[in-house]
Amino acid sequence: MRSNGRTAAQARPVTITRNFTAHAEGSVLIEFGNTKVICTASVEDGVPRFLRGQGQGWITAEYGMLPRATHTRNGREAARGKQSGRTQEIQRLIGRSLRTAVDLKALGEFTITIDCDVIQADGGTRTASITGACVALMDAIDSLKAKGKLKVSPLKQQIAAVSVGIVDGKPVCDLDYNEDSNAETDMNVVMAEDGRFIEVQGTAEGEPFSFDEMNAMMALAKEGIEQLIAAQKAAYNDN
Amino acid sequence: MRSNGRTAAQARPVTITRNFTAHAEGSVLIEFGNTKVICTASVEDGVPRFLRGQGQGWITAEYGMLPRATHTRNGREAARGKQSGRTQEIQRLIGRSLRTAVDLKALGEFTITIDCDVIQADGGTRTASITGACVALMDAIDSLKAKGKLKVSPLKQQIAAVSVGIVDGKPVCDLDYNEDSNAETDMNVVMAEDGRFIEVQGTAEGEPFSFDEMNAMMALAKEGIEQLIAAQKAAYNDN
Amino acid sequence: MRSNGRTAAQARPVTITRNFTAHAEGSVLIEFGNTKVICTASVEDGVPRFLRGQGQGWITAEYGMLPRATHTRNGREAARGKQSGRTQEIQRLIGRSLRTAVDLKALGEFTITIDCDVIQADGGTRTASITGACVALMDAIDSLKAKGKLKVSPLKQQIAAVSVGIVDGKPVCDLDYNEDSNAETDMNVVMAEDGRFIEVQGTAEGEPFSFDEMNAMMALAKEGIEQLIAAQKAAYNDN
Amino acid sequence: MRSNGRTAAQARPVTITRNFTAHAEGSVLIEFGNTKVICTASVEDGVPRFLRGQGQGWITAEYGMLPRATHTRNGREAARGKQSGRTQEIQRLIGRSLRTAVDLKALGEFTITIDCDVIQADGGTRTASITGACVALMDAIDSLKAKGKLKVSPLKQQIAAVSVGIVDGKPVCDLDYNEDSNAETDMNVVMAEDGRFIEVQGTAEGEPFSFDEMNAMMALAKEGIEQLIAAQKAAYNDN
Amino acid sequence: MRSNGRTAAQARPVTITRNFTAHAEGSVLIEFGNTKVICTASVEDGVPRFLRGQGQGWITAEYGMLPRATHTRNGREAARGKQSGRTQEIQRLIGRSLRTAVDLKALGEFTITIDCDVIQADGGTRTASITGACVALMDAIDSLKAKGKLKVSPLKQQIAAVSVGIVDGKPVCDLDYNEDSNAETDMNVVMAEDGRFIEVQGTAEGEPFSFDEMNAMMALAKEGIEQLIAAQKAAYNDN
Amino acid sequence: MRSNGRTAAQARPVTITRNFTAHAEGSVLIEFGNTKVICTASVEDGVPRFLRGQGQGWITAEYGMLPRATHTRNGREAARGKQSGRTQEIQRLIGRSLRTAVDLKALGEFTITIDCDVIQADGGTRTASITGACVALMDAIDSLKAKGKLKVSPLKQQIAAVSVGIVDGKPVCDLDYNEDSNAETDMNVVMAEDGRFIEVQGTAEGEPFSFDEMNAMMALAKEGIEQLIAAQKAAYNDN
């Protein structure tokens, strides 16, 4: 039993609230336990310069945290004048993962910008972001269909993400902040609906991890993400 | 009758949700109609260098908008590497206003940082920010009292703010985005509980405004702010 | 009697020197007592991207202080790599005020950039800047007329600005640095030739101010600005 | 057979030149085929502020590419005024990996800064950097021992890294630029001497990858890194 | 005869106005013909970190141009967020030159910051800056003596600077903007009162220059600077 | 005899290695004794905006130092977010010098970017950079000729550079770091093959220098550069 009463394989309760804010083509509040992220998908005509004239679309992502999303206040990145390495790493991960889920040729010359803004952090903000962003993206695609700008959805399949890790020598799923701070290994896994992987990022924080530990973590991740994809579907189908 | 069905003096419905996020000493979601702002107050020991050793506290504020709080997406300030002039102007206004509400000597050597982050914008984000921030500040002060770090509240009196303006030649209270875009004059007023003013910022967007128009706007502002202060009290007293 | 020997309503001596520097289409040195600001107006063909093809002109302003314009040296903004919030606030105010004075449609596709550089500061630098900039703007417009690029002046009316405030409990006009440092309330007022207002920015530095105090300050401002507009006319007509 | 004549499991020839430049405590030129990276380790007394007084050391890394290390010239990051997200991601990976290899308590209050500068790029720059940096670090530690500042080496074990991927449907080891550009999946693996993993970062560039593909890649990585660790030892023992 | 009516050896009329602004310890307006620069010297207690505890002082310089000092408006460096390479080069030259003129040990732990701000540019702004800055520095040193903080002046000797060049194949002294734009070679020379050189910076803009041309330019520079040093003395002695 | 065993007129051994890295059109490692600089020349179609449509080419340069090229580690400019004044001064010098060597009209609408990256520093990095860059430029021009994009080389003549100075009262050629740190005067000279000068930058670090000392330094520079030009020719002709 984990200190928070969960079994090793048990993810935190997930809540997905669509249409959370009014203006974005897709707007989702996703909650992984006490972690809360607003994910919006904004559609714009045209693509960045490096893609012009190639007849394909683009998906990109930005990530931020409200300064007091965390236990102690973090300096505002806009005030410091730059995004941290961590922020850039996360937003690159989100964008890359979502691009894998979409047929960019079929999207056509639209840019969809995903904004993931953490309003409350308790571990797993990047995996919650990816999971919520996928739903926001689906709503944004539907808005393009509703306006007649797309006939067929370019989404190949849903994706979702969860963190897994080794805590007190045992593999566990969906670490909260407290577990994450004490994990020997921390691994973020992005998986598609068909059970294949899009990103695996495992980091030994203390001791290195073995091949067997890695496989145990991957198995937990697979199980966790399957539940998240089901939650995405439930939210998406609930009008 | 205004296009949104309000009378000239009628502000939008106000909702103040305390303890909106978990970590901050004060955390408020304030809604002025469709404008929604998360206001947090974070307490830190110590004061900025320029105040050290003077036995007084400090209150400062930062303001931001989620990129898709608006009708079309605005570039993220953290990604652009600087805060706009508008952002800085607003956060200076918020900080200055709140400092006027507090006896900084009585606060002692604590710094309270107010973060106002707009998650949905429909006009009046700066006045909603100030009004919500005052409640977050009150909760933060109470947390200091609860921890025995302060015996008496250094709050001199509550403050709140509303925008007023001249739209279609007539003075109106609490402009939404649509009205604001068409206003001849836009005025932001910050007032204290005792009916006196802390900030008055009136700007002719098109035609200059007369002394009489100014007085009419000020009267509307006074009436609107009195209601906001009542709403703050109701929220604060509702445990 | 004020410490500097002026009556409450008495502004400092104003000097307006046109053609102060050689290259700008309009170049004015304005002095409000010991406050000295070089205001230039530079005309360029074309308008910023957001206005292209709309057949209208643009007026914008930048503000700076020489590092040793003040009692103690301030770090050079160019060396620090950014303009302070105060600087941005002031230059936005100057630009906005002057745009109100001009029919931008009638200006046509020209951009006029106002630079206000304070070479000596003793309070009231932003109001002196606006007052001097209006004369520089008038000269720049005349240069366009002289070159046959404009037939009719797009200037609707002159504007000028003065600071007023509450010092030692009494409303006074055109505060110097010493008064400004001790003011309970500081208000900057921009007014047009027809007696109507373009900007009113009042800030309680210490105690809030009452409706009556505000009206007293406004009356002083009106009187002061009328004298400034007369001084502008005298300078402009003096070839 | 791969287009470059290598078998799937075959890494490129590795060359490790110690004492490549004169001033650093450790200085290594590492070559993975045509990829060439200068790795230096610089020792400084003291630790960053956040570690002071904790009696432990720190290892950090920076990464850069000469502008023309690549086929076409990339803008110089120093001239653009910021490091790209990719650069920050890589240098965070290098630093994190090396910290895992060292007992920071046993290092004591020294900071070792690793600089990895790519002078010629042909794929695998981050894995070459880590592999070369480990040798530079070993030399830097020896310099501390030679000066009597350390008695026992704080290095727990060597680490090295290699990239693996799926190219044309088949798992391969140590991708060059051409293979990397066409890979369906790209995975960077950092492993310690004892066969356990420190980092695994797998990214589906096109199609997602299966569990089996991942395991095949991991097996190739293990084999490749064992050879790299042998090459490190040979270089280190060759005085 | 040059197009401006001067002989080859003839510098432009020089005007040095001391106490040009009120707050600085030294404040000079220097005019080389139509080039006008405000040079101030600001004294602060203490020295930069790298000099602390060495019992010596420091002199540093910053340089700027008002945006419309030139024929067409240049973007404001503070707004662009950085100083140009040209600006940095010039301010490094000014600071280095003045440090050579002063016995920094005898100055003691004071920092004197020289600000040279060009309000009107017509060639030779850097040489005018150095020449004016020397007088501002002398006044600042006198202010330290007047306050009893220094007993003996640490100034070793005066310095001044002039530009020389090859225009239309002939060496000339003190080029104005028009000449400078057409010069084949441009050389800035800083010389001390004793006739020895502190800086020589010659640049072939078009054709390289010969040894003989260089010597001819140096001779003109020497003659020109001797006159500037006399002008400095006259201004300094004129109370 | 100098401490390093050289005569006053004796430069350090020079080594020029062409084709040092693989991708650039010109790539040279130049060594002046222990100073080692990688100089690459990159050819791109087109010219910067300010030259478009004028039928001429452009040559520009950037300079950098690996952080541990020096005795103690210097902060990485990319990480600090800006290039130092020294770096900008040097890269401006390199670019300006090389432009003088080339007939930009004859180059046509190509941009050649020179990158000089110091991997080991022992004095004279800027002069080694210029000397090596000239050879890289010659190779880049040859690559344009080989591709049929140029028929005739636009190089007017070779250029090279050396530092000279006054050390212990005597003029010497090609100062190493130790001599440079103790020099009374430091002078960098760029000369063309025909014996005429392109840049002369002399700086008194301590005592001013006399006309005679300057001439003695110039004579040493001429002799040193003649040898460097011979070394360039030898390297260039050695296929």
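All chains are identified by letter, namely A, B, C, D, E and F, in their written order; residue positions are counted from 1 within each chain.
Here is the rule we use: contacts are C-beta pairs under 8 Å (C-beta built on N, C-alpha and C of every residue); 3 or more make two chains touch, one makes a residue touch a chain.
Since the model is a prediction, treat every value here as computed from it, not as a measurement.
Enquirer: If each step moves to a chain the current one touches, what is the fewest number of steps from subunit D to subunit F?
Expert: Graph distance in the chain contact network comes out at 1.
Enquirer: Any idea what the CA-fit rotation angle from subunit C to subunit F is, to the nearest 5 degrees?
Expert: 120
Enquirer: At what distance in angstrom does the C-alpha mean of subunit F lie from that of subunit A?
Expert: About 50 Å separates the centre of subunit A from that of subunit F.
Enquirer: Using Cα averages as centroids, what's the distance between subunit C and subunit E in whole Å?
Expert: Measuring from centre to centre gives 33 Å for this pair.
Enquirer: Measuring from the mean C-alpha position of subunit B to the mean C-alpha position of subunit F, what distance in angstrom results?
Expert: The mean C-alpha positions of subunit B and subunit F differ by 59 Å.
Enquirer: What residues in subunit E touch two or more of the other chains?
Expert: As it turns out, subunit E has residues touching two or more other chains at 81-82.
Enquirer: Can you trace the ring for me, subunit C first, then subunit E, and on through the rest?
Expert: Once subunit C is placed first and subunit E next, the ring gives C, E, F, D, A, B.
Enquirer: Could you pull out which subunit F residues touch subunit D in their complex?
Expert: My answer: residues 21-24, 27, 34, 36, 38, 40, 42, 44, 62, 64, 66-73, 76-79, 81-83, 87, 113, 115, 117, 119-120, 122.
Enquirer: For subunit D, which residues are in contact with subunit A within the complex?
Expert: On the subunit D side, the touching residues are 82, 85-86, 88-89, 91-92, 96, 100, 187, 191-192, 194-204, 206-211, 214-215, 218, 222.
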